[in-house]
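What follows is a pair of complexes built around chain A, which joins chain B in one and chain C in the other.
Right after this comes the complex of A and B.
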């Protein structure tokens, strides 16, 4: 039992954690509530990933293949942990399929839920067909053709609105979702590549293409692909009367109201805490932080910890996270889990 | 100013009526002043490309509005209306009506190039302002500047003869800019020159001024050159 690690969630973080556990010679049990592995990049049909530029299907597909082919990983798809108990070194989990898993340690890689744009009705999602989310735009890019959903025409102008479901006290989203700026700049590039006649405008409050994303995405989208960045928080999206959409807001830099016609509007949706988090917290006996993400243990000497010893976490379960960092954290959580199990075995 | 918003009302947006009836109600008197909305209703994003064909504005699309140019600007310290960052923004979105409103301010740039040296994205704002001025000249929004007129006179002579004749350039320039030939500085200049210049040189100058010789074997070089230059200009501006 002490050489088995239970991994909950098979997105980039969970796949990475399971692979690390198995590669080190331990046993991994991977439990995924959906019937396919891969998490958000696969379930939401992401196109090319940031920053590698690899197609999600291929990049995450390799991770899935490694996990499914590994003799020391057993995968439970379409399953959830319903009951969980025990101590570090001897946990026991009952799955919704009725199976029981014994494990020495548990890693929660339960990820996030995309913000539901219906919660910002003034921005027209759910009202107008030509208002879509970044997830839908990713799917459109993957399909290879940029068109307006309403009538299939090629858009002359696309507006990407940043911070939809992020940095917004009105709707209780008091965090930055970290990756939307970069993803949007990347989408602007991809839109222009597929549809050179389309002009892309990004409406921002700040641009947070942190670290090495700065020149590779923000500068590149502006310098090579002529993306226009407009500093304005949009107030409202309405119909123009001639089949287009009207963006209303204040252009912060010209200090003037704007009312500009667009063909397609994309919401750069943020990362909400996983909707399942309250239930997960109850099942696993851990606490959530005040926004609803998993509470981190004291970090400096207990990285990847939760408020319950022997239960670790990684990736977007802790808060908005990039795919690359989720993968790194998955590997880190695996090494924490195995190190603690190793110590227990030595002590015992 | 007691009401800040008043500063945002340009005179041309005010509509005053001697007598005004709205929906059957006579609102003449105190209520006769209306203000047209200041909402921007469209972009003309093609303008950025147009401007980029003018030397100096090639990098205008790189701007991220940090404001370093305006902050460092010599002229901004004198005149708060002088705002290179703002003009770059207007240029990028093609808000040409707004740009034209500032046609009597943009020329005040003294080309100290502090903006060019401070810009973190290498936009070269000084060049953008020069490009804007040239675009406005081309559009007939502003009259040709004296320096443009001088350049044209100079170039025309080069095309014709492969060289310039100083007196001839000055004559042409003064004529086209409707200035008197009898400028005090020019009279003084000529007086002193005639005193000191060796006779041989004076004679040669006089002869050149009258005969206007061409550069040796100039042939049809001027024609070829002129055609090439106009082709280049065409290809940059269409």
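Right after this comes the complex of A and C.
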């Protein structure tokens, strides 16, 4: 039992954790509630990933293949952990399929939920067909054609609104979702590549293309792809008489309110805590932090831990996270879990 | 023009208001307040500018904004409903207006003077508008339609089949007890004091009215006791 690690969630973090466990010679049991592996990048049909530029299907697909082909990983799809008990070295989990899993450690790679744009009705999602989310734009890019959903025309002007469901005390989202600035700059490039006649505007409060994303995405989208960055948060979206959308904002440079016409508006949606988190917290006996993400055990000496010894976590379960950092955290959580099991075995 | 010390005092008073910290958490200049502000569409007024101005601590510019700009706000509080920080620029304006009144700024007196008639009605009866206030002179923007309500107000009023609306000098029948209670509220919340600072004559008229009503109420109470 002490050489088995239960991994919950098969997104980038969970796939990475399971592969790390198995590659080190331990057994991994991977439980995924959906019937396909890959998590958000696959389920939401992301296009090219930041920062590699590889298609999500290929990059995450490679991770999936490694996991599915690995002799030391058993995968349970369409399954959830319903009951969980025990202590480090001997946990027992009952799955919704009726099966029981015995494991020495557990890694929660349970990820996030995309912000639902209907929670900001003034921005027109659900009211106007030509208001879509970044997930939908990713799918559009992956399909190879940029069009307005209302009538199929190629948009002349596209607006991407940042911080939809992030940095907004009005709706209790008091966090930065970290990835949307870079994702939006990347999408602006992809839109321009597919539809050179389309002009792309990004409306922002701050641009947070942190670290090495600055020149590769923020600058590149401006310098090479002529994306226009406008410092303004849009107040409302209405329809104009000619079927286009009207964005109401303030030109913060000339300090006057303005109305700007657009053909297509994209909400750069943030990362909410996984909707399942309250249930997960109860099942696994762990604590959530005040935003609703998983509580980290301790920042400096136990960064992969939760509030329950032997239960670890990684990736967006802890808060908004990039794909590449989620993968790194998955590997880190696996190392920590195996190290703790190793210590237990030596002591026992 | 006020001297520098006076302007500093005004700024200090604004920040000392117990609501100040609650109305202003932080600001990233996103402009959503100004974008959504109905007054900003028509006037040289911007809620974002008010927030930023208070942060600069430039007491001359703040004093300048209190001359005219702050009175362009309609107090609809859409800015507060939209601000991602949950600031309330409209709430800051409310504080600035109260401070302008407390300091007896001439600009405040000038801006508030046209509201004397409404103030009289509001403070004495709790009604903002009554049928007898609808006079041709006061509503030039109504054009010739105003003639339709002139002259036979009582008859027109009777045509409205709701019992409480058979009055012409108030919008509804005002209870004496409620009025007297309301006067206590005006007094205790400092409304009457503000009024006195802005318009001494109007204040005298209103105070006489209030005294009369209070006497009337006392008499009524005595009658009931007998």
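Criterion: the second predicted complex is superposed on the first by the 348 of 348 C-alpha atoms of A that agree within 3 Å, B and C clash if a C-alpha of one lies under 4 Å from a C-alpha of the other, contacts with A are read in each partner's own complex, and residues count from 1 in each chain.
Please note the rule applied: a residue touches a chain if its C-beta (ideal position, glycine included) is under 8 Å from a C-beta of that chain, and two chains touch if they have at least 3 such contacts.
Nothing here was measured: the structure is a model prediction, and the numbers come from that model.
> Let me test your reading of the model: by the given contact rule, A:305 touches which partner, first (chain B), second (chain C), both or neither?
neither
> Between chain B (first) and chain C (second), which, if any, makes contact with A:11: first, second, both or neither?
Neither: A:11 stays clear of chain B and chain C.
> Touching A:88 in the superposition: chain B (first), chain C (second), both, neither?
So A:88 meets neither chain B nor chain C here.
> With the two complexes superposed on chain A, say which partner A:319 touches: chain B (first), chain C (second), both, or neither.
The answer is neither, since A:319 touches no partner chain.
> May I ask you to decide whether A:199 touches chain B, chain C, both, or neither, giving the answer as first, second, both or neither?
A:199 contacts chain B only, not chain C.
> Who does A:223 touch here: chain B (first), chain C (second), both, or neither?
first
> Report for A:104: first if it touches chain B alone, second if chain C alone, otherwise both or neither.
In the superposition, A:104 touches no partner, neither chain B nor chain C.
> Check whether A:231 is in contact with chain B, with chain C, with both or with neither, and answer first, second, both or neither.
both
> Touch check for A:270: first (chain B), second (chain C), both, or neither?
neither
> Hey, what residues of chain A end up touching chain B and chain C alike?
231, 251, 255-258
> Going by the contact rule set out above, which residues of chain A touch chain B in the complex?
199, 201, 207, 219, 222-223, 226, 228-231, 251, 253-261
> Write out the stretch or stretches of chain C touching chain A in their complex.
25, 28-37, 40-41, 46, 48-49, 81-86
> Show which residues of chain A lie in contact with chain C when the two form their complex.
Touch list, chain A to chain C: 122, 163, 167-170, 205-206, 231-236, 248-252, 255-258.
> Write out the stretch or stretches of chain B touching chain A in their complex.
Touching chain A from chain B are residues 8, 37-43, 45, 48, 61-62, 64-65, 86, 89-90, 92-93, 95, 98, 121.
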